[in-house]
Amino acid sequence: MKPIIAVIGGSSCTKNEWALAHETGRLLADRGAIVVCGGLGGVMDAAAQGAKSNGGITVGILPGTDPAAANAYIDVPLATGLGEMRNLLIVRVAQALIAIGGGIGTLSEIALAQRTEKPVIGLHDSFRNAIEMPRATSAAEAVEWALERARSGVV
Amino acid sequence: MKPIIAVIGGSSCTKNEWALAHETGRLLADRGAIVVCGGLGGVMDAAAQGAKSNGGITVGILPGTDPAAANAYIDVPLATGLGEMRNLLIVRVAQALIAIGGGIGTLSEIALAQRTEKPVIGLHDSFRNAIEMPRATSAAEAVEWALERARSGVV
Amino acid sequence: MKPIIAVIGGSSCTKNEWALAHETGRLLADRGAIVVCGGLGGVMDAAAQGAKSNGGITVGILPGTDPAAANAYIDVPLATGLGEMRNLLIVRVAQALIAIGGGIGTLSEIALAQRTEKPVIGLHDSFRNAIEMPRATSAAEAVEWALERARSGVV
Amino acid sequence: MKPIIAVIGGSSCTKNEWALAHETGRLLADRGAIVVCGGLGGVMDAAAQGAKSNGGITVGILPGTDPAAANAYIDVPLATGLGEMRNLLIVRVAQALIAIGGGIGTLSEIALAQRTEKPVIGLHDSFRNAIEMPRATSAAEAVEWALERARSGVV
């Protein structure tokens, strides 16, 4: 079974966050992982674009009811109609999560991941003063960490 | 965007239902559709197997929390942990649904699809005396019907 | 603990269904049960009105995001924003359900109840040719049946 | 319509948090509000106990499937079976929220409230270094703030 890794972060992001998310997506695809994200712009778009640049499979778990709202790099756009409740679905279906940048929506996902004991690691996330969690200094390190957690079945 | 079509039906099924579901999955993949199902056995397994025999993408929306519970032909196993509430998610994310055989769980999906105006067609479904809906006499006819509804964006 | 009984049925209904739902709500309140419903019109309104006429507590589990959409006899309007997915929440939180009249939405609730082994009984429900289930011939009989199932903790 | 106010916080808490939650529940009941909480121990138990000491109505939105898991001061125990996804339901159905103490689960609720523009105020919450939000220095102040937001229909 392919590992299922979520990349979470803001629908708008800095250039640096974009580059990190793209690299994360690219490396996850390289390692055979399915990349799950919220399906919209910013970090979600970058991660999906990175994964597709490398032949990966991308899943977008959308808040609305229209699959066409997904960014152009999503293979499987799932229009849940759940609003922000879809954040929880992202946390549920992922075996591990990588957080890049992010605003309050991403914070809700990190908190829910920690609360439900889903492995989550920060990669230049926005919450260094707010939340204690493992942190990576490179996309490669974050990807290794997430894949190891997914493999060991800590779900 | 690829059409997203759900094939719904029982986790156990007759040989005839199995053959119809396999053929439906195969034809959907042939037409470039993503096949969504509940990810488990019977009709779900047959539809996914048919789609994979033809290079398609398959998504399993599982009731439990373990992606490994998906059948062997699911590319993207999504372990929602929602129990039977996942039935509704299948209806939500599909652009059209094809019902084959099926028990009370499938009936709940058909009813929710009709209630939310999602196109759903029966193909030797178990509810011919219970529910009025469009019915196809072959997998090919059901697939054409579903793809046409998905394309016309009746979502 | 008070038993939690759902009364399910259409947002429009016949005079006879209205009278049955009102009597069901009244008797449930008399027996100390909390009456849960979808919070809108028709059977839901009648059941809530019946319960309030007898000092009961009524809960409306609404599809939208505005609690003010509840009918005037709902003590606790819960605006879930889940759309028809709220049907499943009604089935989940009830210990037993009584179905009166009803259209396709009610059918989805009955099917989900049966699928998840929640006790559900029909009282002049619309599905006598479609679904096998226990049926009562009076509100009193339905209420007794539901309370007994709730007490025996078949949840 | 009665205002619907959620009191959120940890299932274990300090004596001071317990006293604040009890006072908050008591004042909310005094003002005719329905008190919604997660239905378990700690802050949830204290808020419900305070509300009941003053004749209020209390609703517990539980993670599991057994309504008997609710604390003894919950009038309406709703066993959602949603796990931590029930946190989002608390945020959805409340018109305003008051956060007292709390761990990572409470943080997820605050983040989801802010993300969905639900008014949320901290009262000796645990996140003073992590999250910017309005903060009250007394239960009375928090209750006034929440009721005003609920009345103005910022939902």
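Each chain carries a letter (A, B, C and D) given by its place in the written order, and its residues are counted from 1.
Throughout what follows, a residue touches a chain if its C-beta (ideal position, glycine included) is under 8 Å from a C-beta of that chain, and two chains touch if they have at least 3 such contacts.
All values reported here derive from a predicted model rather than from experimental measurement.
Comparing chain pairs A-C and B-C, the larger number of C-beta contacts belongs to B-C.
Centres computed as Cα averages put chain A at a distance of 40 Å from chain C.
Distance between chain B and chain C, defined via averaged C-alpha coordinates, is recorded as 30 Å. Touching of two or more other chains is recorded for residues 81, 83, 85, 92 of chain B.
Chain contacts here are complete: no pair of chains fails to touch. Across the complex, chain C meets chain D through its residues 1-2, 4, 34, 57, 59, 65-68, 70, 75-81, 89, 92-93, 95, 155. Within the complex formed with chain D, the residues of chain B that make contact are 81-83, 85. If you check the complex, the residues on chain B that touch chain C are 83-85, 87-88, 92, 104-105, 107-108, 111-112, 114-116, 127, 129-131.
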